[in-house]
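Please find the structures below.
Shared chain: chain A. Partners: chain B in the first complex, chain C in the second.
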Partner chain A sequence: MKKLLNTLFVTTPDTYLSLDGENIVIRREENILGRYPLHNLEAVCTFGYAGVSPALMGSCAERSIGLTFMTRNGRFLARVTGESRGNVVLRKEQYRISDAERRSALVARNFILGKIYNAKWILERATRDYALRLDIPRIKKVSAALSESMNLVHSVEDLDILRGVEGSAAVQYNSVFDDLILQQKEDFFFHGRNKRPPLDNVNALLSFAYTLLSNDVRSALESVGLDAYVGFLHRDRPGRASLALDMMEELRGVYADRFVLSLINKKLINSKGFYRKENGAVIMDDDTRKQVIKGWQERKQEKIIHPYLNEKISWGLVPYSQALLLARYIRGDLDEYPPFLWK
Partner chain B sequence: MLVLITYDVSTKSAEGRRRLSQVAKKCLDYGQRVQNSVFECIVDTTQFRRLKFELEELIDEETDSLRFYNLGDKYKTKVEHIGAKSSYDMESPLII
Partner chain C sequence: MPDYNEDDYLLLSGIQHFNFCRRQWALIHVEQQWEENVRTLEGTYVHRIADQPLLREKRGNKLIVRALPVHSGTLGITGICDVVEFVRDPAGIPLSGEEGLYFPYPVEYKRGKPKKNDSDRSQLIAQLMCLEEMLACDLSLGYLYYNETKHRVEVPVTLSDREQVKAVLQEMHHYFTKKHTPKAKAGPHCQSCSLHNVCLPEMLKKRSVASYIESRLSE
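Showing the complex of A and B:
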């Protein structure tokens, strides 16, 4: 397995990133804020209109370092990609699957299977760890409903039915998500998902974590030579990285939701770091955003045993290993795509 | 792994001073400068061999010297810093 390299986040406004030898140099006016060798980096994420020199863009593209631009609030703006990587035969096969509804459904159902399985085990884990603080019968009921959904998914060969099952499973899971928030309950609550803009603290955190995750997934897919824009469950729409969204389904819960929960439950953030704009949108302040990014990076360094590969890897390499498995399935080396089943 | 690189390049001649700046520049490509002629580089085996080769090409073995200290992957307990000019940790979250 490859080594997980670091991601550089630039959150200071009015910075300029340039290339010096093999280094990325971050400047603000005349001061150099940082200088890092490119070979230690996996990706560079900038928040809030940092300028980047064309030479650096070229170097990043050449070394497949993902260079992403986001607004201060973490909304995606653009990313720089160089020549397409990998093998055209693989990509064409991906397009063929995407064009055939039934074949798409066969892959898509494994993404959903992973999603529901992981949601179930998030709940089961919570009942085990906090037996005295949770409404166990309520959560067990949802968990049983999720098991039923999984049984349904196994036989689905139609995308619309699959979306239906996925939707109802998501409703079930969301109905108890608020229970998993154990600390700071008056400031952090979940009464359903809202986005663009997020209207409460938890949704603001979730949206931000999903953006970080989608970046990681997108880079992972591109690095194994797949086209992140051609999906199976999510259909084509200009500018939408459908395959990245597909693969995120199985990772949202274990990767992003649990991360958000631990930020709140471990009190790594508090309500003072959030403010509301006139239109109701909830925004994080700069310090909180930094705290979240720091936590995200630390989480990526934690080691787990990959349940399918049975190999010890860092959390940060999970999107990459799933992308690799998907590529193997598309190539015909695996009979089925093995989703990431966490327990 | 973390490799510590130190060098001594004779600066008696103009040629030597030129070599000095080339060696410094090459080390900077791979890592961070922690003191004047001391660099810390996080590299894998391939990168390390390439770096070593490139540095060997630059120096004049009659007058200059290079030293490499390989501190392995678990270097964090082996490095301690006291005083000014603290360095950054290349493997912890990088947020600017």
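Showing the complex of A and C:
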């Protein structure tokens, strides 16, 4: 498998990034805050309107180093990409599948299958690891319901039915998500998902983790030559990275949700790092955001065995390996798209 | 046979990929998926050449030209010869801007040492055929220079060599027109393949995805 290189996150506002030989130099006013060799980097991600020199943009584009601009709160703004890979053959086939509802459904159902499977095993693992803390029968009931949804999804060939099953599985999973929060319960609770804006600490964390994940997934799809904006489950909508959203279905729970839970349960963050705005929106302070990014980076280095490839890879390469497998399926090397089925 | 359209020319350097593994060639030249190291390498190579005007070096009765762009319409290929040596020869051909008559000999540089199989030869033969077509002459000889042994090997080119190269190129054009990537035939050569991560040859030896899913669901 490919090597996981570092992602450079620039969270200090009002910085300027420029190229000096083979290095990125980060400056704030007259001071140099850091200098990093480009050859170690896979992506650069800036928060809060950092300026970047055209020379550095060019260098990143040439080396396929993802360069992404986010707002301070992690809303995606823009990405710099170079000349796109000449992979029109692959992309045209992707478009053909996307245009055909039934063919789309056959791919989409495996994304959803992955999502529900992973949700089930998140719960099963929790019942095993925290048998004395959890209301086991309650969780087992949800797990059983998820199994049923899975069996349904397995044979669905219609996108609307698929969305229906997916929706009810999500309701089931969300109904016990709060049970998985085992520490700092007064400050961190989950009563349902809200995102525009997030109205509690857990939703703020989830939103931020999803942003980090979507950035990784988008880069992975682009690096294997797929068009992140043309999806199968999520239909075309201008400006929406539909394929990235599709692929996130199977990774959200196992990658981002579990990450957020571990931040809370291991007390790596606390409620002091969150503040509420007048409109009820909950925002993280800079230190907390840094803490989250640090944890994310560490998580990416952890190793797992890829369930289909049966190869030891780091978590950070999971989006890439799934993108690669999707590309191979589209090119006709595989009989189906193999979702990431974690246990 | 009609000449190929210029837009459909294949890269001469692809012959060596094709001989190494057809799938590798298709991944690079049809799908344009290649690993960063290969891409950067080729990139700097091309730049180095582009940055150099055609350097002509005269040595006795030899005229040495580096990085000479060549092509052939009948074969449908284009590429660059590392070195072409033009040797003064009364039986040769005139060159524009030079006095006297010359015979060209392509010299292809290889990093390693001579190999048992003749995988290095095809590329040289294709270059020779390009030169014949561009200079309207008949050639019969080229050289392979091996960096590791610092030794040059004379390569006589026979009719059957040419037929073989033609056949290989026809096959390449066929895949290219169909935009077809052959399935992986995994073997020991995969160990040294720079596209291993993109190709995932083990993948095809694996059970089907359908059975992977079945077995996970029944756990």
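As a working rule, the second predicted complex is superposed on the first by the 342 of 343 C-alpha atoms of A that agree within 3 Å, B and C clash if a C-alpha of one lies under 4 Å from a C-alpha of the other, contacts with A are read in each partner's own complex, and residues count from 1 in each chain.
In this text, contacts are C-beta pairs under 8 Å (C-beta built on N, C-alpha and C of every residue); 3 or more make two chains touch, one makes a residue touch a chain.
Since the model is a prediction, treat every value here as computed from it, not as a measurement.
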Three-chain arrangement built on chain A, chain B and chain C clash or fit: fit
Chain A residues touched - chain C or chain B, whichever exceeds: C
Which of chain B and chain C A:R35 touches, first, second, both or neither: first
Partner chain in contact with A:P339 - chain B first, chain C second, else both or neither: second
First (chain B), second (chain C), both or neither touched by A:R237: neither
Touching partner for A:N110 - first (chain B), second (chain C), both, neither: second
Partner chain(s) touched by A:I26 [first = chain B, second = chain C, both, neither]: first
Partner chain(s) touched by A:K272 [first = chain B, second = chain C, both, neither]: neither
Closest approach of chain C to chain B (Cα atoms, Å): 8
On chain A, positions contacted by chain B and by chain C: none
Parts of chain B lying in touch with chain A, wherever the complex brings them together: 25, 28-32, 41-44, 47, 88, 90-96
Parts of chain A lying in touch with chain C, wherever the complex brings them together: 1-2, 62-64, 85-87, 89-90, 110, 113, 117, 150-151, 154, 224-225, 307-311, 324-325, 327-329, 331, 333-339, 341, 343
Residue ranges of chain C touching chain A (in the complex, touch as defined): 30-33, 35-36, 40, 43, 179, 181, 183-184, 197-198, 200, 202-204, 206, 208-210, 212-213, 216-217, 219
Chain A residues touching chain B - in the complex, by the definition given at the top: 3, 6-12, 15, 21-23, 26, 33-37, 39-40, 290, 293-294, 296-298, 301
